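Each of the two complexes below includes chain A, the first together with chain B, the second together with chain C.
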Partner chain A sequence: MHPSKSGRIGLYLYGVLILAFLYLPLVAIGFASVSTARYLSFPIRQYTTQWYAQALESDTVSDLLWISLQVATIVTIVSMVLGFFGALAFARYQWRFRRLYQKLILLPIFFPQSVLGLALLMWFNAIGITPTWHTAIIAHLVWIAPIATLIIAIRAYSFDPALEEAARDMGCSTWQTLREVTIPLLMPGVVSAGLFSFLLSWGNFPLSLFTTGADLTLPEWLYAKMVSGYSPLVPTVGMLSVAASIVLVALALTVPLLINRFTRKSSD
Partner chain B sequence: MERINQRLGLLSALPVGVFLAAGFLAPLCVVAAFSVMPQKVFSLANLPDFSSYAIMLQEGYWESLLISLAMAFAATFILFLICWPLAFAMAKVFGRFTLVLTIGVVMTLFVSENIRLFGWVLTLMKGGLIEGYWRNWTGQSFDGLLYNVPVIIFGLVYVYLPFMLFPLAQGISMVPDDARQAAFDLGATRWQIFREVELPLSAPGIVVGCLITFVLTAGAIAESKLLGGRAVIVISDEIERAFTYGQNWPLGSALAMTLIAVVACFAIAGVTRIDLDSIMGRKR
Partner chain C sequence: MNIAAPVRLPDGKADLSNFSDTSRLTHMNVNAPPILRVVDLKKTFDSFTALDSVNLTVADGEFLAIVGPSGSGKTTLIRLLVGMEEQTSGEIWLRDRRIDDVPANRRPTCMVFQSLALFPHRTVGQNIEFPLKIRGVDPAARRARALELLDLVRLPQHYYDKRIQQCSGGERQRVALARALAFDPEILFFDEPLSALDFRLRKMLEKELKDLHQRTGKTFIYITHSLEEAMVMSDRIAIMRSGRFEQLGPAEEIYAKPKSRFVAEFMGEVNLFRANGNGKSVSFEHVTVDPVAAAKSGLKPGFQGYMMARPESVRLLKPGEGADVTAKGLVESEYLLGSRVQYLVQLDSGYKATVELSRENRVTWEPGLKMGIGFDLDRTHLIQEA
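Showing the complex of A and B:
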């Protein structure tokens, strides 16, 4: 019944091929970012790192990085909190409107993002708020908080409600149960939700486009440069933004391992 | 216990619930209200006249909607075909390689989609990665591969691949191996197993994957702008133009409401048929 050996090899090859397909455009950007030519054309004749030096020195680029960083950090913190409680209501407690709530939470994810951005712009206008990067935080959260909720809910499904009941039977208050049992058990889910929230906000374009007003996030600036003609800084800044994401994911994957090893050693 | 569950459930649903009511439902109501306002007004203090919907029908905006929906259908169908074997292998064949693939695919989601599409522009354009090296090796030149409808669909397939792949893999992992083994022992062919066992049993994952892909591709805008160079104008592009160049919020709102209505029909029809608890791995 299981696929034959050649079938398995074929599937592995297919998997590698899909990964290559997904990363090919980033390879093209990587090459473009080290080309000397002001107007890019392949094959590349001469390589240089001057665009990186220029990007790192540029005030515009550091302003963009700073705004994107602030937005992503606040989105991460808020969506971890909203998602934590949202996930408990989604997966853990049996309450009357749970089914309805589960479906309503999904709506913002199943929604064209550019339309959502415009809807928010009109809403801010209707209640008299001028869009700045602060309003972009709200926009990102409308889309990212439900995603964080789903990620934490997956974790919440796998934990045994009896643990909470036991704590309560032993005389814990609701708050103590939450602090001593529920939060530690859901922590891995909360951390990965935080990681997703940060990275999705960092890379988001369609929501930022309409809701940042006069401010610009990194993806918006890149887009503006792309449509107005080629600039050698576009691939360079793009690569820098990708590198930042990779560093963050690598940290997130290795730090827990190191902590694990460290705590195990000290308890030996 | 029952009472505590009721109270805690409602209480913990409150923060995200209130936030989405203010940040999602309220803006939608504003769009709905603007869509029935007279042309080119910027406040809701006018008498409704539904003229935007009339203009939408008269001036051929529905063509953009049809184009968007057709491309979304095509992208969803192609993605299903591409992702099924890989999702099957991730759920049933690969061991640790599934984790590598998952991390590899999720990582791409964190790179802004316009950066990745720009990468394809550099790859496919005249003088880009493909044409440039081809010319260098063979001496023959050809036009870039950009600015047509197939390349837009290609871009949609590229950007939204993860949204099809993961739900499909999740759905297929719900098909018990025993059921497939039994069908095989009873003499079913590979195709029969697919059609009679795997397809129906993994239906929740298929529904979620196809729905989310369809909804997101129907509202996509960057693919047609960056890769398509406006070979066709998609509905999101029309909506954006009505708001920016056109300075006509009511028309933009009416277009948005129509897109939302069409997409919502599909989404509601699908979502009501699936049990979220079982897809997301509730322990029984």
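Showing the complex of A and C:
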């Protein structure tokens, strides 16, 4: 279908407005991070990269990045593994209470995160665990692993179960079927689930706030700094965090292609 | 073993170089022990009986078609035979080995799925090589065999590197077939693989499949709901109905001598006339039967059942013409079928009879044409059924 000329202009305008709405705040942060002024005001009188230099040298910032990275990485790996097997259990096997279990698993996603965070903190206290960034991993998983499962399950539901049966029929053991058919076919789902898991954990504030104890993740520190003691380091670290996310997305998009090319060459 | 089908010799032009086992050249060895024997096979799902005591013997090299309406149990049967489902009771024997407790991945059988189940993440070549890869065959040998098989299923060699998504429906059929042949199964099963294709392509592939069966000498067991498909390809046809074999035999026998009304009606268009014998004589509904001819044909006076006449056995009677069996009627409509013409005749009793003539015998038809039908008793078949 081809829209009329006025319709087309309308659509373009709509698209541009959406993009502006999404990206203008980010652009503003970008400007703030390169301004010498303490508070952002236009026009910017003098540009500087001093905040970036300061951020990269700062031990606090590197500690923050390191903790956030550890939490997000572990959450990602665990979510991918749990999500993979969970999705298979839902899509491939018939068992009692399957549907009920499927719904119960997804329930934490609908909890307000701050309530969930508080509940988890009380739970950790009750069983005598001192909250650190380790407990934050568990808190993140409660919220993120179901999402990862959901993403992989969509993929698992969409592929023909006859593919696995055919593999078995042609002599594959359970493990060979998994390796030759199931894993390669679910891989796109697993990669997107991993990507989502990482980004959701990396940017999570409400769960971390309650469950990291004395440790600080990046979003927590940014919030604390904005509430008291704002400096242009806040937009700078924010921009660094965005940059890290972009690098990750780029990696996630290119690595499978590279792996694909590599394995195809080696099998030739 | 009673296999009435002739032992055919393979097409002289066929390329047999890929098959070293020349003992299989004769199409079917009727005297050899059967390749598959199924004894009292039963399968129930909760309270539903999907398969009710099936017995079957298949000769080495045979092409058996299992035909039935959906829900008749044919898919359940094939899934039990390849090991994807476990039977409730009964035995499956492959030659002299009992295989019903052997898991699917260790049975020397292979199936072409209805969805074909080609791996979308692998190329055509990788798909065909798959069973060999699992068996640990080295890449060079695998590739050589895959190229041979591409030849056998009439796909060009450069298809080896094509993606499955780039292949048409007919090409995918061939790839699936090549993959199954790469497995080199004792018995090759087919679960309606042609059902999704258009008519012309289906007709072509039916013939190719039959040809391939003769060239490879493998045992094929093919399930379908299309009788035509079964008739074109197979040596024997098994008609399934509610989890049982209603009749099993060569296509010709099932067509001409069905054992039940169900089979008669399933095997294409048919005229059936109810017959009630009282011990002294037999009365037929809708038609008049000449008593002299009836006596000569050896019709038993106690017969209960149906007299069957296929449309091609029935004529339209011109005034003065006679036959063993006759009825007056009104020719309601005419259908041209190409080389043949079909007429729907409403008999005076209300029964609608189908008559099929060759084109040379076509009558000048107009609405309201009054013409009787007639056929001879030696062209009929009697079905005993209460």
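As a working rule, the second predicted complex is superposed on the first by the 232 of 268 C-alpha atoms of A that agree within 3 Å, B and C clash if a C-alpha of one lies under 4 Å from a C-alpha of the other, contacts with A are read in each partner's own complex, and residues count from 1 in each chain.
The working rule: contacts are C-beta pairs under 8 Å (C-beta built on N, C-alpha and C of every residue); 3 or more make two chains touch, one makes a residue touch a chain.
Small disclaimer: the values here were computed from a predicted structure and weren't measured.
**Student:** Between chain B (first) and chain C (second), which does A:Ala53 come into contact with in this model arrangement: first, second, both, or neither?
**Tutor:** A:Ala53 sits against neither chain B nor chain C.
**Student:** What is the contact status of A:Ala243 with respect to chain B (first) and chain C (second): first, second, both, or neither?
**Tutor:** Neither partner.
**Student:** First (chain B), second (chain C), both or neither: which does A:Ile77 touch?
**Tutor:** neither
**Student:** Which partner does A:Tyr157 reach: the first (chain B), the second (chain C), both, or neither?
**Tutor:** It touches chain B, and chain C stays clear.
**Student:** Residues of chain A touched by chain B versus by chain C: which partner has the larger set?
**Tutor:** Tallying touched residues of chain A, the top partner is B.
**Student:** For A:Ala166 in the superposed arrangement: first (chain B), second (chain C), both or neither?
**Tutor:** second
**Student:** In the overlaid three-chain picture, which partner chain does A:Gln176 touch, first (chain B) or second (chain C), both, or neither?
**Tutor:** second
**Student:** Which partner chains sit in contact with A:Ala224 here, chain B, chain C, both or neither? Use first/second/both/neither.
**Tutor:** Once the two structures are laid over each other on A, A:Ala224 reaches no partner at all.
**Student:** Taking the superposition as given, does A:Trp123 touch the first partner, chain B, the second, chain C, both, or neither?
**Tutor:** first
**Student:** What residues on chain A does chain C touch that chain B touches too?
**Tutor:** 160, 165, 168
**Student:** In their shared complex, at which residues does chain B touch chain A?
**Tutor:** Counting only chain B, the residues touching chain A are 1-2, 4-6, 8-17, 19-20, 23-24, 26-28, 30-31, 34, 42, 44, 82, 85-86, 88-90, 92-94, 97, 101, 103-105, 107-123, 127-129, 131-133, 136, 158, 161, 177, 180-181, 184, 211-212, 215-216, 218-222, 225-226, 236, 239-240, 243, 249, 252-253, 256, 259-260, 263, 267, 271-272, 276-277, 280-283.
**Student:** Taking the touch rule as given, give the residues of chain C at its contact with chain A in the complex, in rising order.
**Tutor:** Residue list for chain C touching chain A: 82-84, 103-106, 109-111, 113-115, 117, 119-121, 126, 130-131, 134-135, 139, 179, 183.
**Student:** Any idea which chain A residues touch chain C in the complex?
**Tutor:** Going through chain A, the ones touching chain C are 160, 162-163, 165-173, 176, 180-181, 184-185, 267.
**Student:** Please name which positions on chain A make contact with chain B in the complex.
**Tutor:** 1-3, 8, 11-12, 14-15, 18-19, 21-29, 31-32, 40-43, 81-83, 85-86, 88-91, 93-98, 101-116, 118-123, 125-126, 138-139, 141-142, 145-146, 149-150, 153-154, 157-158, 160, 165, 168, 174, 199-200, 202-206, 210, 218-219, 222-223, 226-227, 234-235, 238, 241-242, 245-246, 249, 253
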